[in-house]
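Each structure below is given as C-alpha cells.
After this come two complexes, each holding chain A, first together with chain B and then together with chain C.
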Partner chain A sequence: MIAPYLTQKTWLHRIAAGYKLLALAVISIGFTQLSDWRSLLGATLAVLALYLLTILGHWSRLRLYTPLLPLLIGIGALQACASGWEMAVVSITRLVAMILLADLVTATTPMLAMMDALAPLLRPLRRIGVDENQVSLAVALVIRFMPVLLNEWTQRGEAWRARTGRRPPLRLLAPFAADIIRLADHVAEALDSRGFQVKRSQERSKD
Partner chain B sequence: MFDTRDIVRISLFAALIAAMGLFPRLDIPVAGGVPITLQTLGVMLAGALLGPWRGTASVLLFLLLVAVGAPLLAGGRGGLGVFFGPTAGYLIGWVPGAYAIGWLMQKTWPGNLFLRAYVAALIGGVLVIHAVGFSYLAWKVGMSLQQAAVADFVFVPGDILKALACAYVVSIAGPRGFGAPKHTS
Partner chain C sequence: MSSPGDRNIILSGVSLARQDRPLFDGLSLEIAEQRVGLIGDNGAGKSSLLRLINGLLLPDAGSITVHGLETKAQRSSLPGKVGFIFQNPEHQIVFPTGAEEIAFGLRCAGGTAKEADAAARAFLAQHNCADWADAAISELSDGQKQHLCILAILVMTPSLVLLDEPFSSLDLRSRMKFMKMIAALPQQVIMASHDLDVFANFDRVIWMEGGKIVADGAPAPVIAAYRQRCIDSIGHAP
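Showing the complex of A and B:
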C-alpha cells in the first residue's frame, strides 16, 4: 500500500498543519472565483509544478492518480460535447489543481499533527456530548482493530478453503459480523473494568 | 451520548469499512468491468447493525481518518485530496446513507428481517448515496443532472448486490443485541 504521507522531509513539512489547512481553504475559494480558462490553466500548471517539485524523486506517488484519469477524461469529454472545450478546461483544471494541493498538504503533514490541527474543530461536538478524548480513543481503536479484523477474516477464509477447497463465500460474513461484535463488547468491558469510563456523570444526569 | 460500548462498536465498524478496502476479493461479480469496492457494504452494515446514530458516527469516524491522511479508501487512497475530487459526493453520501438505513431498520414494517434489511439498504445505501453522489458530481464539474445520473448508473448494479449481501448478513447475524438498549450496570 502506498502511504499518502511522504517520509522524506520537504520544505512543506516545516510549516504547521494549521497554516497549511488555512492556505488550502483560502486557495480553494480563490479557485472557485476564477472562471477564465486561461488564468485557470496557468494557475493549475503552477500548482502542478509546485507539486512535482515538492515530491521530487517520489514518482510512485503519481500512481495513486491512475484511477482518477479515466474519470477526468470522461468528464472532460462530456463537458466538451455539451458546453464547449473552454468549459471542459475550466472544470478539469479546477479539479486537478485542488486535488493536487490537498494531496500536498496530506503528503507533508503527519497524521498526528493533522489530528491536533483538527481538534479545535471537534470541540463544538461537546455540545452533543462527544468530547475529544472519546474521538481520540475511537481513532486509536480503529487503527488497532484493522489488523485484528483482517486476521479474523483470513483465518475463516483459510479454514473454509482447507475444508472445501473453494474460495470463501460471502456467507462467511454473517458469523464473522456476529463474532466481531462480541469481540467489541469484550473490549468495552475490559476498558470499563480498567476504569476508562466516559461520560458517566452526564449519563447519570440524563437519567 | 455514547458509552464505552458504543464507542468500541463505532470504532469496530469504522475499522470494518477500512478493512473492506483491503480485503482480498470476495466472490462478487464485477459489473461492467468496474471493480467494486466492498466499502459501501461496510457502510450499509454499520447503519443496519448499529442503528442510525452510531452507524452515522462510525462513518464520520472513518471519513475523519481518511481526511487526516490515512490511506483507507479502496486502492490505498486517502488524504484531503479525495474530498476535492469529483466523486467526493459518494463519500459524503455515506453519512446520510448510513443514517437512513439505521432509521429504516428501526421502523417496524411487515415482512421478515431479510426483506426489511434489503429495502433499507436499497433506499439508504443505494438511493441516498447515489443521489448525493451524482448531484455533487453534477455540481462540481458543471454537468447537467441527467448526464451525471447516466454516468452514475454504471455503479448501481454492484451496489444492489451489496444491498443483498447486507440484508443477508443482517438476517443471519440477527437483529438481537446490535441496536439493543445499552446495558445498565
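Showing the complex of A and C:
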C-alpha cells in the first residue's frame, strides 16, 4: 500500500490476486473483532514476522513507513488520553497489522492482476453509472503514485529547509495539493493518449 | 504499413482558445516530412500543437487530419496511429513494472491479460531490455524510464511519434542514446525541444511564436534565425 512492488519473487507472488484480497478482507474483519490488547499484540507480532520473512533482504522498504509514524503516535496518544493505554495499544496494533497486510498484498501482486481482481467486485457500480474499470485503474494509480507523491513532498520539504533552516510547515500542503492536481492532469493525458478512455468507452457502448 | 500519401498531417484554419486566451487563430500547416522539429520560446504553442495533432486537444474551429484521420470525427482511432512521449516519464508511466507498462497499451487495444503479458515480455527482450520486465520503475534511471516510455508507444506500432521536450530530465549520455533510438525509428517523428542541436539531421524545423509560424524550412537557417533573435532579445551574444 505504501511502497513499490516487490520484484523479487516470494511465495505470496504465486497466489492469485483475488485470493489475496479475500484473505486481506477476512483477516482485517477478524482484527476488528478482537478487542483484547494481548491477543491483538500477539496477532500483530505474527503479522510483522510474516511481513519481515516475506520482504527478507529488502529492509530499506521499512523506511517508507517513516511518514506514518507521526500519525500512529498521534492516534496512540489521543486514545491513551481519552480511553487509557490499553485502548491505545488496541488501536495502534490493529492499524499496524492492517497496513502491513495490505502492503504485503500490493507488494506481491502485479498491478494489472490487481485491477482484474478488483473489476468484478466493482461491477455493481455500473448500475449507478460508474465504470468499474476506471475505479480499479484509480486504485492502481493511487498505489503506483504513492512513492512519487512521497518523493515530491520530501523535495518540497528539503527546498523549504534549504531556504529557512526550519521544518516544513503544514501550509506547504496547499502548493503540494496543486502539484498533485497537475500530476493528475498529466497522468490523465498520458492515459488518454494511449487510448484507455477510448477503449473503455467502446466497451461500455457495446454493453 | 502506411503508404506515403497517408503520412500527411494537415491543419486547415485551426483556431483554439484556452481560458479565453487565443492559442491559435486560423493556423494552417501541412507536414509530410519524416523528421520535423518544433522550436520556440516557452508558451509559443509547441506543446499545444502536438496535443492538437494527437487529439488531446480539439480545435474550436478548422480541421486537423493526421495520416488520413480527422481528429474531431475519428479521435477514437488516433491512439492506434499516434504515439505521444511526454516531458516527464514519471508522469507517463502508469504501472510499477516494465512488463505491465508495455502490456497496458496492448490490453487497451483489446489483448487478453496473458497475451499482453507474453507479448510485452517478448517485446522487451527483442529490444534488449528483458531485465526491465520485472524491474520496479522506481529502480530505473530517468534515461531508462524515457526509453521504456518509447517502447510502450512503439509496441502499439504507431505511424507517427510525437515528442514533447523529451530531454529535460536526461543526462548527456542518455540524451545521445535516446536520439540514436529516435533516428532509427521508421515512423514519422515530430519533436518539440529547446535543445536545438538535436534537429541537425531533421528534414524540417518550424519556429513558432504566440501560436504563429515565424519561420519554417530546413533546420540550419531556421535555427540560426531563432538563435539570432534570442541573442538580439537579450542584447548581447552569450
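The criterion applied here is as follows: the second predicted complex is superposed on the first by the 120 of 207 C-alpha atoms of A that agree within 3 Å, B and C clash if a C-alpha of one lies under 4 Å from a C-alpha of the other, contacts with A are read in each partner's own complex, and residues count from 1 in each chain.
To be clear about the criterion, contacts are C-beta pairs under 8 Å (C-beta built on N, C-alpha and C of every residue); 3 or more make two chains touch, one makes a residue touch a chain.
Model, not experiment: these values are computed from the prediction.
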{"item": "Which of chain B and chain C A:Ala162 touches, first, second, both or neither", "value": "neither"}
{"item": "Superposed model, chain A: greater residue contact from chain B or chain C", "value": "B"}
{"item": "Partner chain(s) touched by A:Ala102 [first = chain B, second = chain C, both, neither]", "value": "first"}
{"item": "Partner chain(s) touched by A:Leu170 [first = chain B, second = chain C, both, neither]", "value": "first"}
{"item": "Chain B versus chain C as contact partner of A:Leu141, first or second or both or neither", "value": "both"}
{"item": "Which superposed partner A:Asp192 touches (first chain B, second chain C, both, neither)", "value": "both"}
{"item": "Partner chain in contact with A:Val130 - chain B first, chain C second, else both or neither", "value": "first"}
{"item": "First, second, both or neither for A:Ile29, with chain B first and chain C second", "value": "neither"}
{"item": "First, second, both or neither for A:Met111, with chain B first and chain C second", "value": "both"}
{"item": "Touching partner for A:Leu69 - first (chain B), second (chain C), both, neither", "value": "neither"}
{"item": "Doubly contacted chain A residues - partners chain C and chain B", "value": "4-5, 110-111, 141, 143, 148, 183, 187, 191-192, 196, 198-199, 202"}
{"item": "Residue ranges of chain A in contact with chain C within the complex", "value": "4-5, 7, 110-113, 116, 140-141, 143-144, 147-148, 183, 186-187, 189-196, 198-199, 201-202"}
{"item": "Chain C residues touching chain A - in the complex, by the definition given at the top", "value": "51, 54, 56, 75-76, 79-80, 82-84, 86, 88, 90-92, 94-97, 100, 103-105, 107-110, 113, 116-117, 134-139, 152-153, 156"}
{"item": "Touching residues on chain B, where the partner in the complex is chain A", "value": "1-5, 7-12, 14-16, 18-19, 22-24, 26-28, 45, 49, 61-62, 64-65, 67-71, 75-81, 83-87, 140-144, 147, 151, 165, 168-169, 172-174, 177-178, 185"}
{"item": "For the chain A and chain B complex, residues of the former touching the latter", "value": "1-5, 24, 28, 64, 67-68, 71-72, 74-75, 78-79, 82-83, 87, 90-92, 95, 98-103, 105-107, 109-111, 114-115, 118, 128-130, 134-135, 137-139, 141-143, 145-146, 148-150, 153-154, 157, 167-171, 173-175, 177-178, 180-181, 183-185, 187-188, 191-192, 196-200, 202-203"}
